[in-house]
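Should a chain be cited, it is by its letter among A, B and C, assigned in written order, with residues numbered from 1 in that chain.
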Amino acid sequence: MTTKPLEPIIKIRDLTKTFGTVSALSGISLDVDPSEVVCIIGPSGSGKSTLLRCIGFLEEYTSGEVQIEGRLLGYRRTASGLVRESEKNIDAVRRNVGMVFQHFNLWPHMTVLDNVTLGPRLTKRIPTGRARGQGRHALAKVGLESFADRYPSQLSGGQQQRVGIARALAMEPHVILFDEPTSALDPQLVGEVLDTMKQLASDGITMVVVTHEMGFAAQVADRVVFMDHGQIVEKGPPVSLFNAPESPRLREFLDTWRSRNMLFQNDASVTGEGEEGGARS
Amino acid sequence: MLMWGAGMTVLVSGTAIILGMPLGLMLCFGVTSSNPWVSRFSRIYQSVWRGTPILVQLLIIYYLLPLIGLNVAPILAAIIALTLNTVAFQAEIFRGGLLAIPPGQMEAARMVGIRKWAMRYHVVVPQIFRLVIPSLVNETISILKNSSLVSVIAVTELMRVSQQIVATTYRPFEIYITAAVIYILVNFLLSLIGRTAEKRLAGGT
Amino acid sequence: MMQSLDLWVQYAPLMLRGLVTTAWICALATVVGIAVGLLMAWLGSIAFAPLRWAVRTYVEIMRGLPILILLFVLYYGGPSIGLRLSAESVGVFGLGLYSAAYFAEIFRSGFQSIPQGQIEAARMAGLTGTQIIRHIKLPQMLVLITPSMVNQTIILIKESAVLSIITVAELTKNTTQFVNETYAVIQPYVAAAVLYWLLVETVARLGRFVERRVKF
């Protein structure tokens, strides 16, 4: 790879978002550099998903700025302040941003391949034949090439989410946003999705991942961001963040997570014994 | 003769329903539009056509068209009135279907850069029809029944033909009962078709 | 504009008389519809198959039948089988029996919407059958079905325009008289639309009021 470009892909300055009187984000600033993997962790209701949705402009932000590759997202600077941008120009700024959703959001009436190729066909005016080729390529990357002609309802949750990833990939984005991509999955299906994401990370794709999977964050992230009450409390490389948390809130969050995990393991052993007991009687 | 009238009934109401579908979809998009003027105007249209008797609407169209210089055949006036009426009701049906589509699907479309109209065409419309088939069948039955009112502007559909036969035979009870049976049979057939289509589509995916 | 105003003033008594006729016929028809509808919903819920089929057939026939045909059968066909009714009574009973089918469906869905578990819980708490209906079923049902009942009443009001065809001097009939006497089209129908809208809006507001009262 060449030297790092000066411009970060995503540049967030003093971002705030309020829903009515409730403040969801207050004073968020964050840069994401090319090829970087940033994981955002934090308790539910901390504003992680709202932040991600603001970066995708699925949510209008209240004040501050989000820039994608140096271009202001969603608004236009005028003499009197920021003015809402037209849909067309928002699309132009957003075209290099992909998104993977918690609930997959596949279109149920289309085949897997059509789900993946609809975006490129309509927005990049790629002829259907070529789009299908690229779509199969994207599906191959997530290991689902042979499922191209199935419908989403015929796939497992993990497979559906991998299609969601392929759909984002097919647009050849410069950054992909993941909004709790494994939270809606059965535990045994989480692994395949995380493996796919690890593969993307090692391919050098820039990723912003909102997640509850601490293991994934520790292993894959270049930087971890801990959010609470709509603010970034702490950020840094995973090693220092997980092993030497500075803020009490992060320490508490990690403690809770660890004890819950222990509890879960204990639970598993308890159930195991219970089943044996059941078999004996 | 009654059969000929029944054919006319099916023709008039069928045309209105089919014309009403694309227009109803447009009105549905108008009602749900983020542009306040478009949505306000659409809502007023909808509440006027849903809030007044269809017989009054029919008479207005029939008498008003010549006043603005359009001398159209009664059958055309009937089709126009029934269409403008069903558009308002179909828009509401489509709106219900629209609400049933998870908003996340729209967001996913936006995130791959698909624009509003392309999204409606590729993502929304194909799903709406599956969702609203039962309501659309009910609306078709309702328009078919209401088409009996166009007899008052001398369109010779089933109702009008029955009246004519009664006028020559003086046997109102038998004739009107026969007409009633024809209406019920046609509507029964319709709901049967609707149920089959529903099952077909439900099994599709 | 002045001419329109004059016309409206001149024909106000006629139009208002029409409105009043429409209102009382609809009110009586709604009472008939609800009473017969409730009776049918109850008959349909009895575990006796022929009764259920009879109710089902009645509902299906009414739902497939244009109201105009029903009125014609009663008004013009009635005398030939010895049934002589005034146009107004045909209006009340025609509209009433017609909407009874729809009201019956509303009541049926209302009864079905109460989860069986609640009934079982009430039985286990020692409530009798009538107590269950009075304290468990009815209060919940009312909340659920009030909007549909209001909606059905509004449909009935709009359908009552058809009574003009069998010579009842209600709002639409008097509007056509207004048209025939003045050769004006816009003023009479605008007046009719406004008056229908007023009636419908009153019922809708009344419905929302009742809805708030029955809500828990």
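Rule of thumb we're sticking to: a residue touches a chain if its C-beta (ideal position, glycine included) is under 8 Å from a C-beta of that chain, and two chains touch if they have at least 3 such contacts.
Here the structure is a predicted model, which is why all the values come from computation and not from measurement.
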Legend entry - Chain occupying the most central position, where position means C-alpha average: B
Inset, instruction - With chain centres defined as mean CA positions, report which chain is farthest from chain C. - result: A
Inset, instruction - Determine the centre-to-centre distance between chain B and chain C, using the mean Cα coordinates as centres, and give it in whole Å. - result: 22
Legend entry - Chain centre separation (chain A, chain B; CA means) in Å: 44
Inset, instruction - Could you tell me the distance, in whole angstrom, between the mean C-alpha positions of chain A and chain C? - result: 54
Inset, instruction - Mind listing the chain A positions that touch chain B in their complex? - result: 56, 58, 87-88, 91, 94-95, 97-99, 101, 103, 105-110, 118-120, 122-123, 151, 153, 164, 167-168, 170-171
Legend entry - Residue ranges of chain B in contact with chain C within the complex: 48, 51-56, 59-60, 63-64, 67, 141, 144-149, 151-152, 159, 162-163, 166, 171-174, 176-177, 179-180, 183-188
Inset, instruction - Would you pull the chain B residues touching chain A in the complex into a rising list? - result: 102, 104-105, 107-116, 118, 122-123, 126-127, 130, 205
Legend entry - Residue numbers on chain C that touch chain B, as the complex places them: 60-61, 63-70, 72-73, 76-78, 80-81, 157-162, 164-165, 172, 175-176, 179, 185-186, 189, 192-193, 196-197, 200
